[in-house]
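Quick heads-up: structures coming right below.
Next come two complexes built around subunit A: one with subunit B, the other with subunit C.
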Partner chain A sequence: MICEPVIETFGLSKSYGGFEAAKDLTFQVLGPRITGFLGRNGAGKSSTIKMLLGMIRPTSGTATVLGHRIDDAKQSLEIRRKVAYVGEDKGLYAYMTVEQLIWFTRSFYPDWRPEIEKRLLEEYQLPPRRKVKALSKGMRTKLALLLALSRRPALMILDEPTEGLDPVSIEDLLRTITSITADGTSVFFSSHQLNEVERIADAVLMIDRGKLVLNFAMDELRENYRRVTVGFDRSAPSIDLHLPGIERVRSDGRQLSVLASRNSDAIVEWARRCSATSIDTQPVSLREIFLDTVQMGPEATSSR
Partner chain B sequence: MTLWYKTWRETRMRFLLSASILSWVCAVIILTNHGARGQANPPIPYVEYVWQAVYKGYAQDFFSILVIVLAGGSLLQERSHGTVGFTLALPVSRTRLMATRAVVGLSQVTVLAFLPACVLIGLSPVLGVFYPPMQALQFAVLWSAGGTIIFAGALLLGTVVESEYSSWIASFLCMMLYSAAVNITVLQRYPNLNFFKMMSGAQMPYLDAVTFTIHGPLPWAIITTVLVTAVFLMALANRLTQLRDY
Partner chain C sequence: MLFKLNPSAGQPLYLQVMQQVRYAIETGVLQDGDLMPGIRTLAEELVVSHNTIAKAYTELQHEGWLELRQGLGAFICTRQLTNKPERVRVAQKRAREFVALLRADGFSNDEIQRFLEAEILFPTEAVRK
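After this line comes the complex of A and B, so read on.
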């Protein structure tokens, strides 16, 4: 599969007065695959997404989505023609019925696929004549997904899609997200639910306090990321932080805990040379990386 | 086409309610004309009574307030309803969204401005009184122009004040301040600056102060100035909408 960048940002920043919601974000999102956009609440995920869709203006930097620049009004329209967005609050026009909202949305997209609309309407069991305001949050999410998927978008951006959903709806949603990449649609979704991201994402971007702190493919995580715990019979010596692959080091008296994105063998070799009494190498989960990263703060992390 | 539908759906309740209130106010004024005119000493003619109560009085006050209510519902207010993300993700420019909002709103203002004329023309003969239809239509044109500038001002405030209710209150307060400024200060020497007087014709050369009817052609220069000012205010509202983060 040839992966091409669907989103590219170049020093993208956004400030609200003195508060920096996004700081100098430079990254690539490749398609067609699922990319999870991780971060705590208030980390800057929604601000970044809104900048990509032209809802807020970057303070500095720029970005392209599907090759179109976000800071050009005409190209921004082109982005919105090709990108489907499902917002965090799933805010749809409460006064319209399901069928009215479908009719309304369809009129903006000439490549609307009625057969997908019909299939999803049945699959999601959405009542066409019911007003949006009378739908549950789960149903509203399904309706938002129907509106997004019936256009066969090149890229789908979802902001906290599972927020407020019950477990069954979450399961349905994750299954839908996984299935749409088969049609060539790229998915970029923000979340702070680590297990969801770990389950469906092919790649992960992590931001904390507006800064990009990690950017990796999930295969890379599974194959290369390791936690090396080294024990000594004396105070742990300081490790050479310039060893390639070291992401973070935590020293606790006689024990050193090293998070490595690669090259764990070299760390083990270093530990042996330093006469370590115990060396333990374990694969790491996304949860561990996330907690490690956000607890130590972006300053202690090198974005890769 | 569907954007017009969306805007109509969002404003229709307010519009229908406004139209009902204004029609009811005008109808009550007309239905009570015999008693009200009889209490005046000496009794005043029907045409003067209509001018005092409708075109310069309560009905004009109601009309101004209802126009402010009609101007609510900008993108900023959509943000407080949580739908702005959906709207702005559509492949539509903010200018087109604003233009649709303005055209639908101004059409509703125009209908509202012509309602007193319809009620007068329809109800007066039933009560055995006569109001010249041409006069009613001329006042409707003046009200349309006045309503346009009130709408434009309220639309502008709607792009800077987030909550719909707050924007209505801010618009109402601004209208009161404007009214005080042109009636109390040195500006009262320049009635052309007072669009409430433009709407009623009070102290204006085109209103006959004896018959309380408009004579000669409508004041097109004043109307054009008012409309140009309204266009400027709406362009400013559009510019602010372009610059704003949602």
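After this line comes the complex of A and C, so read on.
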């Protein structure tokens, strides 16, 4: 698989008055892959996405999407032509019927694919003559996806696509996302559903309070991240925090819990040299990483 | 064939797919010439990234378990399999005896499973004074 950056940011920042929504974000998103974009509410996910799409201007820094600069008017237009975006509110005209809206949207895109439109209309079982305002939330999401995918975009950006959907609709949506990449389209989606992200994502980008905190491939997480829990029959010795791969250490009397992003063997080795009485190594789920990485709330800022 | 993937296991999903295919071949569930589902179909069925299945298939092809025929699909290839089913039967018998031994020592199924998993995933780390 040849991976090329579809999104690249360089010190991207956005502040609203005194509030910094995005702080000095520098990262790469590779394609054609599925990348999950994680962070708590208000962490800066939507602001970042809006900057990439040219909907708001960065305060400083810049970015490229599919090789086009976001701060150049002409190139930004090109970005919007090649990127499909499905946002939280879906932005559909409520008073139109499904077929009117499809017809209306189609007129804006010269490379519209009628065969994809037809296939998805059937697959999603959307009622062509029903008004958009009378559609369920799940159907509205499917309609937004149909409009986005019929353009055969190079990159699809979704902002919390599964929000408010029932389990069956979520499964349908995830299935659609996995099939998008089969056609060479890259997917960048924000979500709070960590088990969904864990299943379908090839890579994960995590931000917290406007800052980038993690950017890794899911295979890397599965292969290298480990939680090593070490027990002693006396109070636990302090671990050399400079051992490579140590992300977080918690200690509780005679026990130590170490989160390692790699190199867990060295930690086990260390524990053995300190004659630990029990050593247990477990793989780490995305949920654990998330909870361990993002700060728990304003009152807990000093706990790290 | 039926797959069961565990996204939170400490093992990449493409490796899980590969392992399950190899196991199915060893146990005769998949046989020479069987047609595997297309990459896209399987990715959608398991609801995992297309890249996961593509990687698993490519690796299985490198290992010689899968033959990709242009336009026709992916076929199981068991030429390198010699006498495996018999070996598998012997191994299964050994495993059965070993588990029976631990049960006789009073360990529960859960405990035995954890011992084995720990031993397989992290072979050097089960120390206890």
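Here is the rule we use: the second predicted complex is superposed on the first by the 294 of 304 C-alpha atoms of A that agree within 3 Å, B and C clash if a C-alpha of one lies under 4 Å from a C-alpha of the other, contacts with A are read in each partner's own complex, and residues count from 1 in each chain.
Basically, a residue touches a chain if its C-beta (ideal position, glycine included) is under 8 Å from a C-beta of that chain, and two chains touch if they have at least 3 such contacts.
Note that the coordinates shown come from a computational prediction; the quantities given were computed from them, not determined experimentally.
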item: Partner chain(s) touched by A:Tyr85 [first = subunit B, second = subunit C, both, neither]; value: first
item: Partner chain in contact with A:Thr178 - subunit B first, subunit C second, else both or neither; value: second
item: When both partners are placed on the shared chain, which of subunit B and subunit C touches more of subunit A; value: C
item: Which superposed partner A:Ser278 touches (first subunit B, second subunit C, both, neither); value: second
item: First (subunit B), second (subunit C), both or neither touched by A:Leu77; value: first
item: Subunit B versus subunit C as contact partner of A:Tyr95, first or second or both or neither; value: first
item: Interface residues, subunit C side, partner subunit A - complex; value: 7-14, 39-40, 43-44, 47-52, 54-55, 118, 121-122, 124-129
item: Partner subunit B, residues of subunit A touching it in the complex; value: 50, 53-57, 73, 77-78, 80-81, 83-85, 87-89, 91-96, 103-105, 107-109, 144
item: Touch list for subunit B against partner subunit A, complex; value: 1-2, 5-6, 9-10, 81-86, 88-93, 243, 245-246
item: Complex contacts: residues of subunit A adjacent to subunit C; value: 1, 32-34, 171, 174-175, 178-179, 181-182, 195, 198-202, 218-219, 222-223, 225-226, 233, 265, 268, 272, 275-286
